[in-house]
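Labels A, B and C are assigned to the chains in the order they are written; within every chain, residues are numbered from 1.
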């Protein structure tokens, strides 16, 4: 942590970057910090409690301007950053990525390839929570699953914290806000909520890196991250992806191949 | 106003009498790892150990989505069916926190200034509030800084202050409260002279409202909005859990020749909230939207509607995915 | 009496459809209920919420003059879900109307003054209401000057009325189109509205200027008026923030302590100075 603070202060004072996106202590757990000077760098922390996916900020025009900036990134954030690269949303020249490895060493990445090489060491596995909930859901019949999710979704009030917290939800106008035609009823109601969440999931297929930011952001505790995670797990073998690795070959729902084994798409 | 005493078994009896009377009873229930207001039939369903429900009781007088009227097109003509106040069931809210009950005043101030709001008023008329004073608080609570207190009775029809013996001091505050007492009159006995204040949590005042107001009067062009809102994600979590946020959208639920016009919750933090058809957006940046949220609650509402748009419940701070802590932010504005 | 539901619209019959310009139409609307028609009153400057049942509501001013009784008119451009739904309606069909909402142009206070109307593009409708109101009470006012501009000749709305106004001896009418927007028959001015205002140079003496147009036009017209000697209390405009309820509750048009839908849409420049310009 000391090294991170020193390096951040150095990067800022030398003008290498104009902003270090990191974490500071918050009310109950660490929160994002926009560190713009070396004095504030003293507030930076980086430990296992730092789970916000800061990649959500790095595509926002109003926050990230023309200047180069740094972002501190645990593995889950690194995965999102790679996916954003694949989707042509980032500029390598503007981005410096900092992480602290398992040995407590500060690592700096300036290219996509460096990040990819580093992340390749880590297998994307279910955590305890995900394992527990997903095995429960996997054990359900189709009818039980529908009932479970309808009940969960019935609590949704469409604050769109899931969308706002997701690094890959960077559209300036979301499908839910399109009204010609009105694909999704915009008010909260059990079925209209399901419409939104199914749409969200479909837009994440082959893109989601299972960072869990959406589920973590949900103020009413709907485990929506499990939907996109499960879809990622299920489709990876079908499309030759490695879970948590960027879909270099293109996203499942926005690309197709001449030799696709399905007939309907040819 | 009258003060009575009710024993533990009396509370159980009274609760059953309310349920038996046919009124809907909503109370905090612990399920899915969250405590929130849900319909209950038994006192045993009501949650015990918690500081605050995730959502406020706002939805009981301002539903998340509600039909303003419905229409049917017949041979080029249109028939309208108005909202029917009689369709709203009698509802009792049990174990409401004082900060939640206090939210009815700012809500009604918004809905009823100038023209009145038939829907909100219909819900209000059919809703009775039984609040419980607070014996505990957490670091997000600040009711005492916004004209409230753990024993504030504003917005309540009855307030209970729980006593160590399992019984409670009962403050009967309105005719609606009297009607609820009348459902089981024998369980309410003479007040034992216990002082309510003894059982309330001590919550120090964290900022001076007048001071904040004076600072905000000059803060429109301050850099504080950008500084504070940089991490804000622009979702609607804070607005939707808030007991006083009332911004709404009007939408159409069309099904062929029939349909319904729906009012649903909206939030000033959403990027498209103020977007003009022309593409011009007066609040293009999150910092402008954060400024609107704070100025509206702590400056515009006091000036315009003579009521603060915040009850200090702390829900927004707890619900925020990125810890936009309103107490911390307001306190820092007060100190500027 | 039971409480009124603010959101329940009046049912209106589209009595007449006028195609004004590409994508722009004027509807003349009549109340289906006679008692409602009888009780309905409004003043110049006010607006309403217009319903296409099945699509929703949209906000426009009342474009007809309160001096013309028995109907109201609205002019709108087909730009979104609701306006396109409205545009697809035919003469004789039913639509909804809520209103009148908002404040009014203080025409009583303008008695005995010169009136200078400056409008751009689709912003003529709110002004048309005032123009006809003034012309119908012509003796109340001194000189009346109208400067109206649009991008192209095609985009000019109320074409027959523009001719009617310019034919009147008691109105000074100046029409203009943006450079490049003229056609072979064009006899009016060529140039942006602020430039033409400067060229026409109306006197500020005992004159009220009413300016309606896109924000960019207003931004460049105000300094011209100032140069011509107009004081802030001599200049009026209408704001068109996004609105849903029209009655100061939904929160969209809240700017500073004001609600544009309640405290506006009509503002003098003097009043505008009191609210943050970046918010409208």
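Assume a residue touches a chain if its C-beta (ideal position, glycine included) is under 8 Å from a C-beta of that chain, and two chains touch if they have at least 3 such contacts.
Not measured: the values here are computed from a predicted model.
> Using the definition of touching given at the top, classify the network of chains in this structure as line, ring, star, complete or other.
Complete.
> Taking each chain's centre as the average of its Cα atoms, which is closest to the average over all protein Cα atoms shown?
Central chain is B.
> So using the touch definition from the top, which pair is joined by more C-beta contacts, A-C or A-B?
A-B
> Distance from the CA centroid of chain B to that of chain C, rounded to the nearest Å?
Measuring from centre to centre gives 39 Å for this pair.
> For chain A and chain C, let me know how many angstrom lie between their CA-based centres, rounded off.
Chain centres of chain A and chain C, defined by C-alpha means, are spaced 47 Å apart.
> What whole-number Å value describes the gap between the mean CA coordinates of chain A and chain B?
Centre separation, chain A to chain B: 33 Å.
> Could you pull out the residues of chain B that touch at least 2 other chains?
249, 251
> Which chain A residues reach two or more other chains?
Not one residue in chain A touches at least two other chains.
> Please output the residue numbers of chain C that touch at least 2 other chains, ranges allowed.
80
> Quick check on the complex: what are the chain C residues that touch chain B?
Interface residues on chain C, with respect to chain B: 2-9, 11, 51, 53-57, 79-80, 92-94, 96, 214-215, 240-242, 244-245, 247-257, 262, 276, 278-280.
> Hey, which residues of chain A end up touching chain C in the complex?
Per the stated touch rule, the residues are 179-180, 182.
> In the complex formed with chain C, which residues of chain B make contact?
Residues of chain B touching chain C: 68-69, 71, 73, 76-78, 80, 82-83, 85, 110-111, 113-119, 121, 220, 246-252, 254, 259, 261, 263, 266, 268, 273-278, 280, 282-283, 288, 292, 296, 299-300, 303-304.
> Any idea which chain B residues touch chain A in the complex?
Chain B reaches chain A through residues 32-34, 36, 54-55, 64-65, 139-140, 230-231, 233-237, 239-241, 249, 251, 253, 262, 264-265, 267, 270-272, 284-287, 317, 319-323, 325, 328.
> Quick check on the complex: what are the chain C residues that touch chain A?
Result: residues 80-81, 84 of chain C touch chain A.
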